[in-house]
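Shared between the two complexes below is chain A, which has chain B as its partner in the first and chain C in the second.
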Partner chain A sequence: MTGRAPSRRRLDIVGWSATSPFGTGRAAFSQGLREGRGTSAPLDHEQWQVPAGPACLVPDFDVRKVLGKKGTRSMNRVTGLAVSTVGDLLAELDRPGLTPETTGMVLGTTGGSVQSTLDFTRGSLTGELPYLVDPGLIPYGVMNGAAGQIAIWHQLKGPNATLAAGRSAGLLALNYARRLLLTDRAEMVLCGAAEEYSTARAWLARHTAESDPDALLLGEGCAMFALTAVAAESDPVAQATASLVGVKALTSSEGDWEAVVRRAVGQLLDDAGITPADLWAVSPSAAAGAAGKAEAVIAQDLVAAGGGVRLPVAELLGEAHAASAAFQLAAVLGRAEADERAAGRFSVVTSTDEAGTVAAALLRHY
Partner chain B sequence: MDVSDVTAPSAQRSDRDRVVVTGLGVFSSIGVGLGEFTEGLRSGRNGVSPISAFDTTGFAHANGCEVRDFEPAPWLRRWKQEELGRAAQFSVAAARMAVADAGLSDDELRARRVQITVGTTDGESQDLDRLAAEWVAEGPQSWAPQIAGRVGAGRLSAAVAWEFGLTDSEAVTLATACSAGNYAIGMGLDAIRVGDADIALCGGADAMCQKSFAAFYRLGTIAPDFCRPFDKDRQGILTGEGAGVLVLERLDSALARGARIYAEVLGYGLTCDAHHPVQPEQSSIARCVRTALDDAGVRPEDVDLISAHGTGTRTNDVTESRAIREVYEVPPRTVSLKSMLGHTMGAASALAAVACSVALTEGFIPPTINHRETDPECEIDCVPNQSVEADLKVVQNNGLAFAGNNAVVVLGRYDGDRTPATVAG
Partner chain C sequence: MTAITADEKQQIKDIVCDILELEEDEITEESLFVEEHDADSMRLIEILSSLELNLKVTIEQSELARMVNLAGVYEVVAESAR
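And now, the complex of A and B:
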């Protein structure tokens, strides 16, 4: 039967990787972060039919160059980013030690690839007949297309899920992975989130901008994490650099973002029996508008109460929507791995989404 | 395992760990609300009509299973209808109906930790259709901000939390295509089992759209008239729409407030084919069924009814029935609700789970309608055309999807203090 004793388990993070505007892989991500390097760059407007202005793209990312020409003819950018990132993550894990049937995959998204969805429907609307559409696009016009391709490419046959949760998708994916492990539905779960830059996304962002649309700076990419459950008292898994202590997701239904963010973080710290002084770092999501301001206030309060450093992420990588919280997690892990003062201490990642979700995760560094 | 002990894991579980269904909300082409829906299931109603959601010019045939005259407004208290796309209107309205059916007030809901999980294939699909049309006509610079602002698929679940004014609520949209409703039920179950939530509102929602119809049409899988699962002359699916939402809570919580219990969620299983983007794979489906039965603590011979994914395509029906036979020496009766409801995408397995709950409570098996002659390659009794009375204790609900996302949920009848799902013999 499924286990129902989360208190007796610990979830170790045994690997991670990222494909980001810093470049491809964990090392490039950590280095970019250490240097505090901004990634905003002018766009090639011949390639991108988008509003004027820069963006933070994964440099030189071309699906067919990265993954080869076999099986990638119709593959969209978000799928390429996700398949490639999982490949990098698996390369650093003990691949032969993984059982395909018990290895899960959880991918967070905003809406899959809105570009692919709209391209497909535009094809139906403009074709000679409405069904003369490219069948190769069909799997990518559905939101679980990327996670399905990850499974095929990397032969992952355990629970395979796609969560749509906007900016908080990375943390909700982490929580879903946590439950899969606590209920013994998988021995290892690869989880994270991906977002592609596209014409459709650029225009959606512009039409829904909370503040000056000309100040929008979109990012993209994917970060993936490998988690496994171990007995709470056991030593850390060899390659683990942190464990996931908890995830708390709430909803801001009354408009008071600050109170809800404070509550989510407060509950995590209380449940773990720690205080802000035990924190090594805090990473707010830097969302636009009131939600992001609320996160910033809570982060400031935590830092003022001894809660370590505040890690900027979106300031360097742009607004990565579904990938944003996954990038924050990667940033916390990457920076902590290079700082021995992090050992034994904790970090908080917070995220908010315009639909109302407030999510926070608590990590403990080894 | 000893025969007398077959259901022991469930029976021996404390009331705190057992999870039951105490509320049902349903919008479907064969009925809105549990009464109409039950009557539709019992009488074998066909939800088919000519598609009205989009211009079908150019398609040789265009039948579907729409929710005609859907009126969300009476169900929306906080939201204004125009603030939500049709899919979110479905999810919010079905959640409202399910919560009312469970006898919970908004205040009672707000006092609990609520997991909200809504499965979907296409998200806010009619809005996305509109954006595509607008792109063709004028370009994306002319998109309406209101439509652009509501296409995030996360809204299908977040809008439910906002409607009830919930704070202590994790709202997640599961975008695992046509098995997403079962994924959502599984996630609700686990959130309660691990102690993250007291109650779960889970299910699925999708709205009829051109994108899905054109895709299935292009694949040659849209039936010209009716959906005839497991029939030797079947010609494919009919796309449909709607929503089903189930209220799940711990048994002790349900008993304490004297709630009506429709069914017990015994367990579920998830597997991924890792084989093909749109073709199902037999062994992976069979593995999913075994995983679900293991989780539920039941053996194949304990299962009285299978609600099949049963789309009505040759590929699905043959592969799925063979997978069932791989697990079951003698399969129980196996019906396809899609014969009546069409393929409601992310809502499909949620609506099927509602139907399974009704079947357990009311003691009948809904039929596979439009049936003439069973395909000899599908060696199952699909209960053709007429519902039958049946004493059901355990029901298995299959959900399969593009991307090889398989999800199977097992429901059991709740018989008060008696051991649930007692094995006969």
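And now, the complex of A and C:
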């Protein structure tokens, strides 16, 4: 609570970028989506000591090839993806117009890089002495390593936060960015989520799969958004293609996912004073199991009630875990920018995580 | 104090170049890690740990003050407990 009067302000999304299995950048993402191109491909098992089967990887992504050899010696894949995506986002923003001190960074994750964490732990357990470890791994073995490196690499000096929220991380990061802006902690916030493909994640996903482990198709990548607050009645900020109307995050503790997802979406629409007929698109997360099914039911209900089109994302990009909700958001923005019918209408993104998080976001397209 | 062999010198140089992300011809025995090669405190700790790990030596953290360039590192390693 800030004790301020409710602010009459609007949050404009002034830019976004994505590094995804579709390729690098906003254009590649939008194009892949438009074509409905699947990205599942066989893996090089020389490079990846993982279970058999395909995955959706960012094509030709190698941290040192993409970012250069300086400052990247120990950098893990998730950090490389995040640093590179923010670089692309900054390139399309008016960089000189940004004040480093008032530009914040919020990154959604599951637990950072599970690969780096395990590598470090393994080093300590198998080394001659417990402390004879590679210290270069330490910054990347903690979950806020990536957000910190983004700030260092791109010289952002505003608030720097990492949110661990699994599949819903992208939406919770957006909500955190919203609060930073509405409480004047930052003038601009870059926020999004990142997930890496790794040997450790592939095995963990297989051993914890709720459904058929052979049907698992993992994806990876990062999507980042730039938000700023403006007076509610003002014209859209230049380059802005949408505004963030609201985010709801609830917890499903008794297994009735459908009721909780319905409540989250219902509250968002009520708060905005709109009905499903005002929606242009709905993007459910396509999570495996009961939670994903509940989202699909709600999406279907919204579409049936006039709520526009249902946008498939995970079907094309795989299960991107921490990056999944951020990819959904990017998909809604990317598709809306190419469709005049979206103008003035709204879109809903929903997400669930097996830990019980239910999150939904409402956007308004310009 | 034990003398340091040419092989060990090369090994140390390899470690330092790897951590500071330098080619071998970019560094001299006298060039300064922080001032000339953009090292920060994290990199210096990495150098110390990597030397302990690979050369099986023990180096006190207080020795970091002397490990400002390759010559300093050679000196510290030569004096270190093995």
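Just so we're on the same page, the second predicted complex is superposed on the first by the 359 of 366 C-alpha atoms of A that agree within 3 Å, B and C clash if a C-alpha of one lies under 4 Å from a C-alpha of the other, contacts with A are read in each partner's own complex, and residues count from 1 in each chain.
Just so we're on the same page, a contact is a pair of C-beta atoms (placed from the backbone, for glycine too) under 8 Å apart; a residue touches a chain by one contact, two chains touch by 3 or more.
The structure displayed is predicted, hence computed values, not measured ones.
If you put the two complexes together on chain A, you find that chain B and chain C both fit without a clash. Of the two partner chains, neither chain B nor chain C is touched by A:Pro236. In the superposition on chain A, A:Pro139 makes contact with both chain B and chain C. In the superposed model, A:Lys69 makes contact with chain C only, not with chain B.
Taking chain A as the reference, the larger set of touched residues comes from B, when chain B and chain C are compared. Contacts of A:Pro312 after superposition on the shared chain: neither chain B nor chain C is touched. Superposing both complexes on chain A places the Cα centres of chain B and chain C at an angle of 60° as seen from the Cα centre of chain A, in steps of 10. Of the two partner chains, neither chain B nor chain C is touched by A:Gly87. With both structures placed on the common chain, the touch criterion links A:Gly53 to neither chain B nor chain C. Overlay on chain A (Cα): least separation between chain B and chain C is 6 Å. Overlap of the chain B and chain C interfaces on chain A: residues 132-133, 135, 139.
Partner chain A is touched in their complex by these residues of chain C: 18-19, 21, 42, 45-46, 49-50, 52-53. Per the touch definition, chain A reaches chain B in the complex via residues 1-2, 4, 6, 51, 100-101, 105, 109-112, 114, 117-118, 120-122, 124-126, 129-133, 135, 138-139, 141-145, 147-149, 151-152, 154-166, 168-169, 172, 175-176, 179-180, 182-183, 185, 199-200, 203-204, 207-208, 249-254, 260, 263, 353-357, 359. Against chain C, in their complex, chain A makes its touches with residues 69-73, 127, 132-136, 139. On the chain B side of its complex with chain A, the touching residues are 9, 13, 17, 56-59, 120-123, 128-129, 131-133, 135-136, 140-141, 143-145, 148-149, 151-156, 158-159, 161-162, 164-177, 183, 187, 190-191, 193-196, 210-211, 214-215, 217-219, 267, 270-278, 284, 287, 295, 297, 401-405.
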